[in-house]
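In what follows, chain A forms one complex with chain B and a second complex with chain C.
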Partner chain A sequence: MASSCSQALRHHVCKSIFFLLLLLILFIFSEEIVIPKKKTWSKEAVLQALASTVKRDPTASDYRFQDDPYLTPKTSSEFKLFSLSQESGRNAAKYFINTYPKYFQKDYAQPHIPCLMPDTLEAQIEEVSEAALIERIGMRKVKAAVDLYDQLLQAGTSVSLDVTNQLLDLICFYGDHDPAQENVPEQRNEETEDVQDEPQAKKGRAAKASDLLKATWKEKNNAERIFALLSEPNKHSYSALIRGMVKYGAYSKAFSTYTDLLNSRLKADMHMFNALITAAPEVKEKYNEKWELIVDLLKQMAEQKVRPNLLTLNAVLKALRRCGTVGKSQAFPVISEMKALSIDLSLASYTHLLAIFYKPGAPIQGQTDILQEVMNEVSGKSFTPQDPDDAQFFITAMRICLDTKDMEQAYRVHELLGVGENWRLLGNDFQQNIYYARFFSLLCMMENIDVMLKWYRDLVPSVYYPSSNVMRDLLQALDTDNRLDLIPQIWKDIKQLGHANRQNLVEELLTLMAREKHNQEVQESFAECALDIKKIYDTGDRGKVLLNWTAGSLSDLISVLLAAHRRQDAWDMLKLFKTHNRVPSEELLNKFLMCVKEGGEVNQAVELVQISAGFCLPGTPKLIQRVQQEFELTEQKMLSDLEIQSFNSE
Partner chain B sequence: MATSLVRKTKLLSMVSSQLNSAACFRNIHCTAACLKNRAARIRVAKGDKPVTYEQAYHPHHIGHRKGWLSQHTSNLQGEDGAAERVVEDVFIRRFMYGTFHGCLADEVVIKRRGNLLLICAVMIQKLLPSKFYFLIGYTEELLSHFYKCPVKIEMQTVEEKVVYKYL
Partner chain C sequence: MYRRLLININQVRNRLIHTHNTRLTLPSTKCKERESFAPVTWAPCTARPLGTSSISFSENKESSTSLSEDKGKTPEETEVNAEVNTDGQRNTEMNEGTEISNATLTSQLETEPVVKPEDRKQVETTKSGKESLLELLGAMKVEVTTVRKIRPSKTPRMSERPDQEPMESTHSMFQRAAAEGSQQHGTLNPALVAAVSAAASTLPNRHQAESELLKQLRKHEAIPDTQRRADIGHIISDMKVGKRPNGRSNVRPTSQIRFDDDGKGYTQDRGITSELDGVRRRKSPFTSKRLNLFAAAAEQDALSDLGPTLWDIDLVNQIVQATNQMPRNGFEEMIQWTKEGRLWQYPINNEAGLEEEASVPFHEHVFLEKHLDESFPQQGPVRHFMELVITGLAKNHHLTVQQKKEHIDWFRDYFRQKEDVLKEAEAYLN
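Then we have the complex of A and B:
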């Protein structure tokens, strides 16, 4: 009984222990097990992950070009030439495809790829109808559309307001000219002839190439005519007309059209207000008046309950750039108001902000913190293009860093370029060049040579082809940091970049090499470099002279050769003084004499004296004395010396 | 007149029936003779004919000492379109031969990766690089529009044709 009792007790104890353990386990794992949601990856996820492991290859050229040494561009002009010739090849192919479209109609692709089909350039619908008008508007044929509209009106059919608005949009967007057709060269000639006459008559000055490209709003053009024909223009028509006027420079007309709109009690829309704000600084002269006009427009916008968007903000900031001190005081209030309306700033807004506070050429008055604040806001974010002026941000920021000599902010700007899609906002090749030129100049000025060379090797020539000015800055940086032994390498790069025919650059190079005495190896490399430079100076194979000798450059070259004990080469170079009509300096001849003394060539010493006498240098007597003292001359030579001496003293 | 016609037709039917009989079975041969033991082989001659690696090795060396000039998957089990690929390849080779006339150093290699058509060519440095780029842009654009797929050219240049041996 006792045993059974104890057994029961043990059983109870076991059970309770078991129960306690269960409680304990439940207590520890008391949180619910949450099964995570299944992650779906996009189709390109693997490719993106792989792509993130590969960095830019600093030894490769741009992706456009073939990976072959013969086909890689080495200078910036070659870069442009090769990319343009590739584009012109593409245009030639497009011409053939569009001229003979019947050979390219067979469609293998599933799904259909519309961009690989030939373009239909000719209008299909021939009859005079509204559908034909819509088709021509869609194909962007301005003149044909206007002609068809006139035909429709003459025939008596009324065209609906929507279609007329579309036509007005087309005309105002293209400024009453047909957009340039790249594949049909003969059309373009006709157009340029037309445009050439107009600006000359209107402006009365010689039409430059930029005038031909930038069309102006002509008096009584088709847009105004068609607008006048409309019985009930709605706000879309007014909007198209005003935006076209502002785009093509008829600012005061735009404002008068706006007053017409207000008089006919129509409401304006956001695009119209944006255009008017852009036009505001053009119609008023004083800063205050400009600002008052803009404030007026913004108030009307609020009255008419039109919501501003990012382009409004950017237009206001751009106008403030031209408002001087008013701009500086009003910029931040404008930004805070816009932020209250939850409009996110784009890079263009920051560009205008920086331009308001940092005018080019103006002295910096302790406003360096604005750039820093802007960079704080902008760092780490990826921007998409929303405004055409976004592309100006990087070059403006780099200009400011260069002016304020701020290296830290420059690094941050450069880092921003690497974030996400921001590289698209650097602009075209020209703007890219400006950006990197400023970046490099700043680096040369501020950083020590090792950092500079690290950036140099990273960016040149895969991303940037430095201009000769930047190479001069680089040479000065080498000079400041006493790394003149790197000059021969830089000379090789200069030759490869095609700057070997710049007189200033080569002369500066020679001066830097000749200035001080270095150790033996360095002098040897300098001498090789000097001989290389000499080849550039010699006449090219077609008799074309690339560079002209000056006295300074000749002397520097000879000094470099002498320092490396290349007496024979130096002696040959001395003859060049006579052939190129340049006068050697006394120092050079003295140096030469010292070198000759080491060699012990008496004849050469005498010849040196003769040369000196030939140029009638004032230091000739001293030279003669030195020769007489330091060398053992035969009698013949002493006689000739005395002759020379007497000749000189006369 | 009628009788002579009838006789002529009778003659014809006699001749044709004779032809169809088992005794004479000569048919008309229309194509050129393409002997498989003479294809893609350059025969040994005096010793002054320069020959590239590709030309020196005969077709039975493909897979052993030579690679393939055209790479696509339509010859695998269950894939179709092999004949179309062959016709495309022939057109592309003729196109490249004509467009880059005199510049090709060796046969064009055509690779297909997914949708992409990759044309790999070795050229002699006969033209200026800008002219090469013009022709590359032209070829890529024209062939893309023709075949409705992206076409890319990978080009390598050599100074002269690379001679493997003289036959």
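Then we have the complex of A and C:
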């Protein structure tokens, strides 16, 4: 047993040694093995690969709401409320951390995480020195930095040109005002107002917009004063000044500063030219003068050997938007020029191009090709954000599709949105809403109902909460394609989207349901839907009446109920005419009488006549006649009643 | 297609069986006039019947007559009508492959046993047959004149509505409408008349049948004629959009009427400029001539910068503000956290965040005896103590080498301070 075992072992060992030898020989005689270099992955690579596998779930709400199912928004106002409160909660936390940094000094994390630690908002260096100035510039404290600079000059210490230029940058950038600090309590009121005006705009944006409105370039402000103090201002100083002037609306001053620069035999830089090109349409009146000025600036750029970049191109195109017909003729040469300089266009360039050719509100005259050309250029490309105007492309393109009713291009635009990281360029929630509203209205208008409903299920409500107008478009599309049987479903959505209190939408819905006869099944579902609508009318919100009964809506509702043979419900509804001081139409009463006749309810017929007489309808005698003919009125008293009623009504 | 055709034929056959008593009703969809809203691109839905009705109708008649001639004496008028009807349905669906479908039709009809018994009861059948023929004709005309909605043929609900047809251009539609308007003024299509007489010839009293048939036809012909006029009115009032949604051809036909639907008036046809457009369109405007202001290889100015300025930072900030930075799923949120430095990086690395330690070799951490050299006694309790200290430090992974050195240095200072005391206690040997 043991010997056989050891024998087997030996055999095994022999075999493996032989195998190893064979491998060695093979290794020696085969060609050299190249060991691949170690690849260093970026730290997000794994996550990016994983993220690319996740597709959008049309049944789920936005990711930021997925933590708390209770707070899943169902209407657009809820969406605004929840997303803003989430954001403001973060801001509040950050505010407390930054205001009381001494309580948040404990650093648990290892390795250290700087973004979780409080920011230092107070200047640390107290003495008057250049270092203190640099610190204040870094903290963007405009007033403090200017004061310190003055103190330094008074003390006789000279400040280096670089630091002075940085100071100039700071002053010009903020237009000689202290920047609006985010998360400062005093600002809250203002911000909430902004939020109400344009709820989806981010806070920084709103603040900036208000800054721009408030701040203008003042004569002899600190920037100009400090600039005048410089013995030898360099290119950077001029650049800061010109950019500041353009940013705060002192356009002609910017051009005169540029002339000063040329007189002192300095060369301009690219940023300066970009700013000046932006300012060009402001200083000239006529279209061709504007364009000549721009061309002149570009020529000077070429002379001074300044290489334009994408922002230059975009500035030129943006200026051309205000050059009318000149813009149309010059836009493409500009783009070719930039392509020749191997500058890749960004979506902002295409946005400006589209805006040049399609003025909002202007009649579309055979310009549809431009959009097509643009789409041919951009289709399938993934763009990275390079210009703040990049985010305007999708809503602009979709607006043009809507104006030209071009479904094909709209699909291409939407397809482009799905490529790569392009979805980031759709912009913030507000812009997303505009984009999807345009896309969806176009679908309602142009597509057949099945395709449209497919999109509807896909987009609503995971990315888009339609407004009541868009829901009306949807109803009209249902009407056009003869799919009114879907109305009860749509009504559920309308209720969930919070449009159940829109009077005209609900009335339109009722009219559509009442207009035609459908088969029994559909009529049943309509009747259910109608009773549901009635509940909305009845309940109201916290004692407040949401909807008011009109004669039209009441009679529509009753006809829907009658068509489904719900006489009792309809009878109850008929009484509402009286309580809400509305007058039913004769047509409705006739319809009702037909229905009553089917049921053979004599009493109800008589009561109906009485109701009619109560409203003093001119058709009452006819109604009486019909009742007398079509019903067997057993009791003579009733007949006499009728006579009296008719007598009264006459 | 053929399967549906056969189904149709079967339906017609079944109907023929019951046609004695019941009024035959063909499926017809209503079309309502929409005053407010006309979202369909072309308004062909209301106009289609006048485009196709008589043409396809005459074709039907011709094919039916040829069929009846082929088959000689055998076919009954009911069968002929069945063919007419099926053909009519087929034509509304598809206008090609007529021979094949005809062949299948005839085979289907030849093998049809149901109508055979009617042969024997001649008198009764002629009466009822004529009635059914009239009814069929009436039903057929009704179907022709009713206005149907059109939707693109790609709809998945195709099977539910067999009476669909691809869109046709308004251009041809108008042409046909105009042609018919002149042609069908009170007179019937000769092909139709021929078909009627052929059908009537199979009946015993052919003259009476023929005149009745023609009368019936005229009656129906008169109605659509008036309806057609009304339809044209509706077309023009309802037709709004003047753009071909798909298949934009290179040159638009100049005679095509284009309407604008925003109430901004008619868009003008481009006329001569359309030719210029054609020239221009051949090459993309993106390849047009350039301004020629810059030399292509202009060298860049040396960047004299000290890093990003405030303006650059602001530009980046603006771009970030303008774009959507919200994560769409958990992984994207993790990417965001990784960028902020809040998340452990992938691929997982134990030494993440310990970059300054990466250059320190392992033995520096572990072999710490070299730090105990001259300043400590070579033996005795202090030495013993310090050896324990460095053993502990060697095993401590929380401290950097620098911190370990500082730790040892602290003891060195301490023992130096206490040197007197230690010497007194004879613990400090050296």
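Assume the second predicted complex is superposed on the first by the 530 of 650 C-alpha atoms of A that agree within 3 Å, B and C clash if a C-alpha of one lies under 4 Å from a C-alpha of the other, contacts with A are read in each partner's own complex, and residues count from 1 in each chain.
The definition used in the following text is that a contact is a pair of C-beta atoms (placed from the backbone, for glycine too) under 8 Å apart; a residue touches a chain by one contact, two chains touch by 3 or more.
Keep in mind it's a predicted model, so treat the numbers as computed, not measured.
Asker: Classify the contacts of A:556 with the two partner chains as first (chain B alone), second (chain C alone), both, or neither.
Answerer: Neither chain B nor chain C is touched by A:556.
Asker: Examine A:508 and indicate which partner it touches, taking first as chain B and second as chain C; both and neither are also allowed.
Answerer: Neither chain B nor chain C is touched by A:508.
Asker: Where does A:569 make contact in the superposed view: on chain B (first), on chain C (second), on both, or on neither?
Answerer: neither
Asker: Using the touch definition from the top, say if A:116 reaches chain B (first), chain C (second), both or neither.
Answerer: In the superposed model, A:116 contacts both chain B and chain C.
Asker: Of the partners chain B and chain C, which touch A:176 in the superposed model: first, second, both, neither?
Answerer: Neither partner.
Asker: Check whether A:224 is in contact with chain B, with chain C, with both or with neither, and answer first, second, both or neither.
Answerer: In the superposition, A:224 touches no partner, neither chain B nor chain C.
Asker: Between chain B and chain C, which one contacts more residues of chain A in the superposed model?
Answerer: C
Asker: Go through the superposed model and pick first if A:108 touches only chain B, second if only chain C, both, or neither.
Answerer: In the superposed model, A:108 contacts chain B only, not chain C.
Asker: Please write out, lowest number first, the residues of chain A touched by both chain B and chain C across the two complexes.
Answerer: Shared contact residues on chain A (touching chain B in one complex, chain C in the other): 113, 116.
Asker: Report the residues of chain A in contact with chain B in the complex, numbered from low to high.
Answerer: Contacts found on chain A: 65-68, 70-71, 73, 78, 81-83, 85-90, 92-94, 96-97, 103-104, 107-109, 113, 116-118.
Asker: Can you name the residues of chain A that touch chain C in the complex?
Answerer: Residues of chain A touching chain C: 41, 43-48, 50-51, 54, 56, 62-64, 110-116, 140, 162, 166, 169-170, 173, 202, 204-205, 235-236, 243, 267, 269, 271, 295, 298-299, 301-302, 305-308, 332-337, 339-342, 363-366, 368-370, 372-373, 376-377, 385-391, 403-408, 423-428, 432, 444-446, 448-451, 476-477, 479-482, 516.
Asker: Tell me, which parts of chain B touch chain A in their complex?
Answerer: Going by the criterion above, the answer is residues 125, 129-142, 144-149, 153-157.
Asker: Give the list of chain C residues in touch with chain A in this complex.
Answerer: 29, 32, 34, 36-41, 149, 151-152, 155-157, 241, 243, 245-246, 248, 260-262, 264-265, 267-268, 270, 273, 277, 281, 284-296, 298-301, 304, 306, 309-311, 314-315, 317-335, 338-342, 345-347, 352-354
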